[in-house]
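Sharing a structure, written as structure tokens. Questions coming.
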Amino acid sequence: MMIRSLLRRCLNALALLGVISIIAFYLSKLVPGDEVLDYLSLDDSKYAASVDPLEQRKAYARVAKKRGLDLPLFYLSVLPSSYPDSLFLILPVSDRHTLKKWARSTNKKEAVMDLYRDLQSGLRHACPKADTSDAANQLCQTIRELMNTPDLFSAHHKILRTYHLLSKDSTAPSGTMAILDKFNHHIEQLIRSPQKLKAMEWLPSFYWHGSHNQYHQWMAGFITFRPLTSLIDGRNAWSKIFDALKWTLLLNGLAFILAIILGVLIGLWSGTYDGLKKESVINIILFTLFALPSFWLATLFIYFLSSGEWLSIFPAGGLGPYHGEANFFKKWAVLLTHLTLPVLCLSLGSLAYISRQMKQSVINQFHQPYVLSLRTLGVSEKTILRKHIFKNALFPVITMIGGALPVLLSGSLIIEVIFSIPGMGRLMYTSLVAHDWPVVFPILMFGAAITVLSYILTDIVYKWADPRVKSMET
Amino acid sequence: MKSLIALIRSLPGWSSGIGARFAWVFIFTIAFVAVFGPLIANEKPYYCKLDGHRYFPLFTSVSESGLSAGHPTHSPVNWHTTKFESVWRTPVPFGHQTIDLKAGSYISPFASQSGSNRFRHWLGTDALGRDVLAGMIRGCRVSLLIGLGSMLIALLIGVPLGSAAAWWGNKGWRFTILQFMILLITSAVIFFIWFAPITIPTKSLISIFLVTSVVYLLHRTRSDARGRIGVPIDHIVMGWVSIIDGFPALFLILILVAIVPLKGWVVVMLTIALLRWPSMARYMRAEVFKMKESNYIKAAQILNVPSWQILRRHIVPYAFRPVMISFVFGVSSAILAESSLSFLGIGLPTEEINWGRLLAQSRNHFDAWWLVLFPGLAIFFTLLSLYTIGNAWQKGSEK
Amino acid sequence: MYRKGIIPHTIFCVLLTAGLFSCKNAADISSLAVTIRLPNEPESLHPIFSKSAYASPIESLILLPIAEYDPISLTLTPLLITKMPVSEMVTEGKHTNGKVFKLEFRPEAEWADGKPVTGEDYLFTFKSIYNPYVNADSWKNFTDFISEIVIDPNDLKKVSVYFDSTYILDFEATTNWNLYPAHIYDPENIMSKFTLEELRASDKVWTAEQDSLLKRFATMYESPAFFRETVSGAGPYELDEWMTGEYIRLKRKQNWWGDKIENPPSLLQAYPTEITYRIILDAAAAEAALKAGEIDLMAEVPASSFKTLSADPDWKDKLQFVTPPLMVVNYLELNNRDSILADPRIRKALAYTLDYDGILNNVMAGLAKRTVGPIHPDRSYYDKELSPLHQDLNKSLALIKEAGWEDTNGNGTPDKIIAGKREELRLSIKLSNKAEGLAIANIVKENAAKAGFDIQLDLVDPGQVQQDLRQHNFQVMPLRMAFFPSPDDPFTLWHSSNDSPGGSNRSGFHTPELDQLIVNLRTSTDAQERAAGYKKFQEIIYAEQPVIFLYVPLERIIASKKIQLQTSSRRPGYFENLLKPAGS
């Protein structure tokens, strides 16, 4: 019975992860900007004395192929039937936009593709090598402009104008005029007599791509832990992630442990002394701590304790030169001085919360009948507290803590940014801003997987640990 | 007057102690400042008189250049330096965007400042020479707007979905085969319409028309007989809840800010709403589940009271209270999230300034304690007040 | 026994100690380890592929360029070659009427493993760029003008480089790049199987075997091994350790060939025995590290903290503050194609609204210089007669009125009918999240509002900014232009042929007169003619204000007083190899 429901839960979890990955993938593709162009970044004006369009396109095609961007996006694609079939093979991506416009306005996809192919071969013919004529240069520029002109009429206009210009130029090589003629012919064909759509063409066309699509390639690579290279610096994305993960685990782990230990102890103490003056003072302090924004606390800490305005006993950030220390203890000493402030900032908020929960739970326990019976039996207050109340009160708090497990691995972005700790939160943020998808997606999927897993785990633990449920099963 | 006092007494938590009262007073002050911000801190005066002409620059669109064009002898006109015949200024004579380059940036409140006391920067200036007090006043508006706005939207989405999920469960909502076919066919038609070669406005019109006609048809063809095909609402809603829970929030916020062509803060507000409605829905769902088992609801069902009426009259108003408590806590966490985001520089347009932004500027200039203290106190007290109110409400409702 | 030998003993001891002391003061390199802050971690130390600006100084210490601009004199000085080549006309052979440069590598120059630097390495570096699978397009555009490279068969250290057509940057193309050791970067000797001609032929069809060899080389060349681990060259330093995210450490070579050179140029001198680049992204954390003594030098200090710290008496004796002028200029790029900005009166009106001194003081804490045009103030041909603009709102208002703009609909902003439609005097500044640009944009917005301009700030993704800049999809954009020590060539930014979609003339400003001037500047070699040409160029730009020049920033460097440094206006403003211990 348990196994069946467990299996069902696991399947649900997998489906959930799949949906999340699809949504994240799709969102990442919608981000504006062309990643290949950014990578090539041929904006360096020193070298841009002559930017050869043909070389640019070749470089673009090369980089895009290496990154697998010449595949369709997903298993299935639905396109209006007026669009050409192999749109996903067209690189650079800006050309697709032009072709779509042409196809939409004329409904003649084959003719559009013919024109495109001829434009490409014209580029190969005309674009400069070290010693080309002005005419060829002119033709090259015109072709490049044509690729960026979605409006066919103005494209036609451009071709006629170039034709005019070059027919007067006697140095133009023979092929140039023939090429322009061909373009002219194509465009005139396209512009005249726009085709009417047949009935079937009102429906979109469905294309099935099998496993040859970007999403599948990415997912397959991810699941099999294939080496992924970061787009910013070419390093292995996995090593980047694991490097950051260990710092996040250290930081959050320490904060977690501190918060739990202190929170439980304070909560226990509060619960027992509830109502007394000293307890209400502590209560107010904890409440205030809970409301304190952690980044304000961090800035205050830095200002008062490390910037030198008041005191300078803590370092302001980073992890310190712990590499230089050979001694194990010295290493940890350096690390710990650097981590004290961040750990404090992280733990104070959760500490307040945990102690309140614990206090509530302890008070609940005090109201339970078994406490009264134990008291009448003469068991000392201390033993009651230690042996019974503590354990019973801890139980709901533990389950609540289990739900906080995902936070452990996702890192706290603000604290990491303020204290310059190279953890997961900061890695995710910098990679996201730089559109470094090979790093972002694994982090995302891990986070999602851990969240889903933690839900399943807490459910299981709850069911298993709660003796009532257990006895019902048997 | 009496009704006003009664209204104040009825505020949740008002009677439970002085802390809660202070909290409410603080929240009302912030709300007041948020609404009337531009009238309290502005570069333009309420009224000015120049060469015998009367102007109300704050309420009309009279600009400095307009006055310069109209009064060439005083050109260039500057709200602070031009000698008007008579002028009434706002209490804080700086707008949140006014850059006072003469005074300079990072001026401490205690430093000797050039200019008269009327134009003193009581809380100092920030990195660009903008007045911190004006920035704090503006920050009230942004924080409250995003905090309240996002939670209201989350409420609007979460409450209906949560109650629907709990009420109809997985088997409650049934369609007859006829209705199902209508639904299927119209969805297919709408799908195909979007790929047809017609302009976008026409497509939207047709889709809207189809959707309304479907709703009407479904309404007309409903029957009392038990339909064959069920819609597992609970599963769908809880499925969406799980998806959103598992989605990393930072990713969603950053990506949506980059993709969606709306203004940055609108996107932040909508994203926070998107990330928060699941918790609202879960609360509502839990409450409705509890109430579903109660006797009088069962009685109402036996009496054949239609579902909508039961929900509207009996369940939702009473389930509201615990949801409202979580609403209050949600507003505080939304304000915290929004401050954190603007601290990192995400979401807020460049001209806007808010508490998180002011705090962020202190990082480059550590001795600007006024940039750390005042915005931080503002955020802290807002959160504290909200928590106090929420706490007091919770304690009150537990009794 | 002791008595007898005590005097010789003492004399001996005294001599010994004296000898020891003098040995300490001997002229060999005293051990100096410096730690420098690096604001961003470079992706690689492979000059052909690295994109980060922080990589090139480090690369040049390891993979020495053939010739480089001297940091002090700003002229191209020969490093790996004996002297700068002189261009000679070719009178016979394939390249008649072209030019040839003859290079000779220094006889002492050798790689880290002792093998000599030869023309083979020169040829190899070239061939590696032209491998069809290697992505080195920015270098290719530069080197495309070289027609042929011939190694002297009798002396491998002599190379002749031929140019068929005139190219203004021919010196740079021949010598100003990092030289790679062929035997280290191509251990399997793949590229020697191909000639440069066939690699550059655009329609060459490769056999399957050749193709796989080429691919193999490209994959190895562009692999992380050469990015981060095996970085080796003829320079004074070698890569000791690179701890990702933490630091990069270079160690001085022990018996470096450059030590034997008499009167070495600045870039062949190397004093520190160890250079560690600590990667600290956050400026505030870097400052704290500087104060704590964890780093010795920090550049790119934020202007406001530089000012505060330099005024702080506590730090005056421990830190030194230097401000060399950078070879960059900050300006507002205006899209002259826009209907509002096409009118020079509006552009000038905008220029007159800005409180330039306020911007300087606010954004750069006063650490900058005014400039009037696209020529750096330190150049010899900078036109000193043109005075920088100052804020004059009355002039702005008058210009706006003269251009026909008036507030007819009472909304506070002037408007005008352009091409049949009523347009408001509304402009949008497009920018990304960088702090300097944001500050400038905010101030511009506020200043211009006083004359009636209604300016909106449009904050977009940095990738989007680049795209919009390329496609000329903007109205106003705050940018920074970099200068190079080579003579200014206004062609890329101001010639009409570059005013096309995706072209480099971003402002869209060009006149026939300016075109002619630019062409003259490219080809003329007469110094007086060039000076007159540059003067006219600056006058035209000043009169038309196609873009608004703001300031030339000063670099802000803080260093510990334990070292002495020499500053330069070349990036990064300091030179690691020239750092010496204080007082030496």
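Which chain is which? They are A, B and C, in the order written, and residues in each are numbered from 1.
We adopt the following convention: a residue touches a chain if its C-beta (ideal position, glycine included) is under 8 Å from a C-beta of that chain, and two chains touch if they have at least 3 such contacts.
Keep in mind the model is a prediction, meaning the values are calculated, not measured.
Trainee: Find the most central chain, measuring centrality by the gap between its CA centroid and the centroid of all protein CA atoms shown.
Mentor: If we average C-alpha coordinates per chain, A lands closest to the whole-structure average.
Trainee: Comparing the two chain pairs, does A-B have more C-beta contacts than B-C, or is it the other way round?
Mentor: The comparison resolves to A-B.
Trainee: Where the CA atoms of chain A average out and where those of chain C average out, how many Å apart are those spots?
Mentor: So the centre of chain A lies 33 Å away from the centre of chain C.
Trainee: As a quick test, compute the distance in whole Å between the mean CA positions of chain B and chain C.
Mentor: Distance between chain centres: 47 Å.
Trainee: Distance between chain A and chain B based on Cα centroids, please, to the nearest Å.
Mentor: Going by mean C-alpha positions, chain A sits 26 Å from chain B.
Trainee: For chain B, jot down the residues that touch at least 2 other chains.
Mentor: 258, 363, 366-367
Trainee: Check each residue of chain A and list the ones that touch at least two other chains.
Mentor: Correct list: 31-32, 307-308, 417, 433.
Trainee: If a residue has to touch 2 or more other chains to count, which residues of chain C qualify?
Mentor: Residues 284, 461 of chain C touch two or more partner chains.
Trainee: Across the complex, what residues on chain B touch chain C?
Mentor: 61-66, 68-69, 75-76, 78, 97-99, 101-102, 104-106, 127-129, 258, 264, 345, 349-351, 363-367
Trainee: In the complex of these two chains, what residues of chain C are touching chain B?
Mentor: Listed in rising order, the residues are 283-284, 302, 304-305, 308, 355, 358-359, 361-362, 393-394, 397, 400-401, 406-407, 410-414, 431, 433, 435, 438-439, 441-443, 445-446, 449-452, 457, 459, 461.
Trainee: Show me the residue ranges of chain C that touch chain A in the complex, using the header's touch definition.
Mentor: On the chain C side, the touching residues are 41-44, 51, 133, 135, 137-142, 144-145, 147, 164-165, 169, 202, 224, 227-228, 243-247, 280-282, 284-285, 288-289, 291-292, 294, 461-464, 466-467, 469-470, 482, 484, 489, 491-493, 500-502, 504.
Trainee: Quick one: in the complex, what on chain B touches chain A?
Mentor: Those residues of chain B that touch chain A are 192, 195-197, 239, 242-243, 245-248, 250-252, 254-256, 258-259, 332, 336, 339-340, 343-344, 359, 362-363, 366-367, 369, 372, 376, 379-380, 383-384, 387-388, 391.
Trainee: Could you list, by residue number, the parts of chain A that touch chain C in their complex?
Mentor: Counting only chain A, the residues touching chain C are 31-35, 37-38, 40-52, 54-56, 59, 62-63, 129-131, 141, 144-145, 148, 232-236, 243, 306-308, 315-319, 321, 323, 417, 420, 422, 433, 435.
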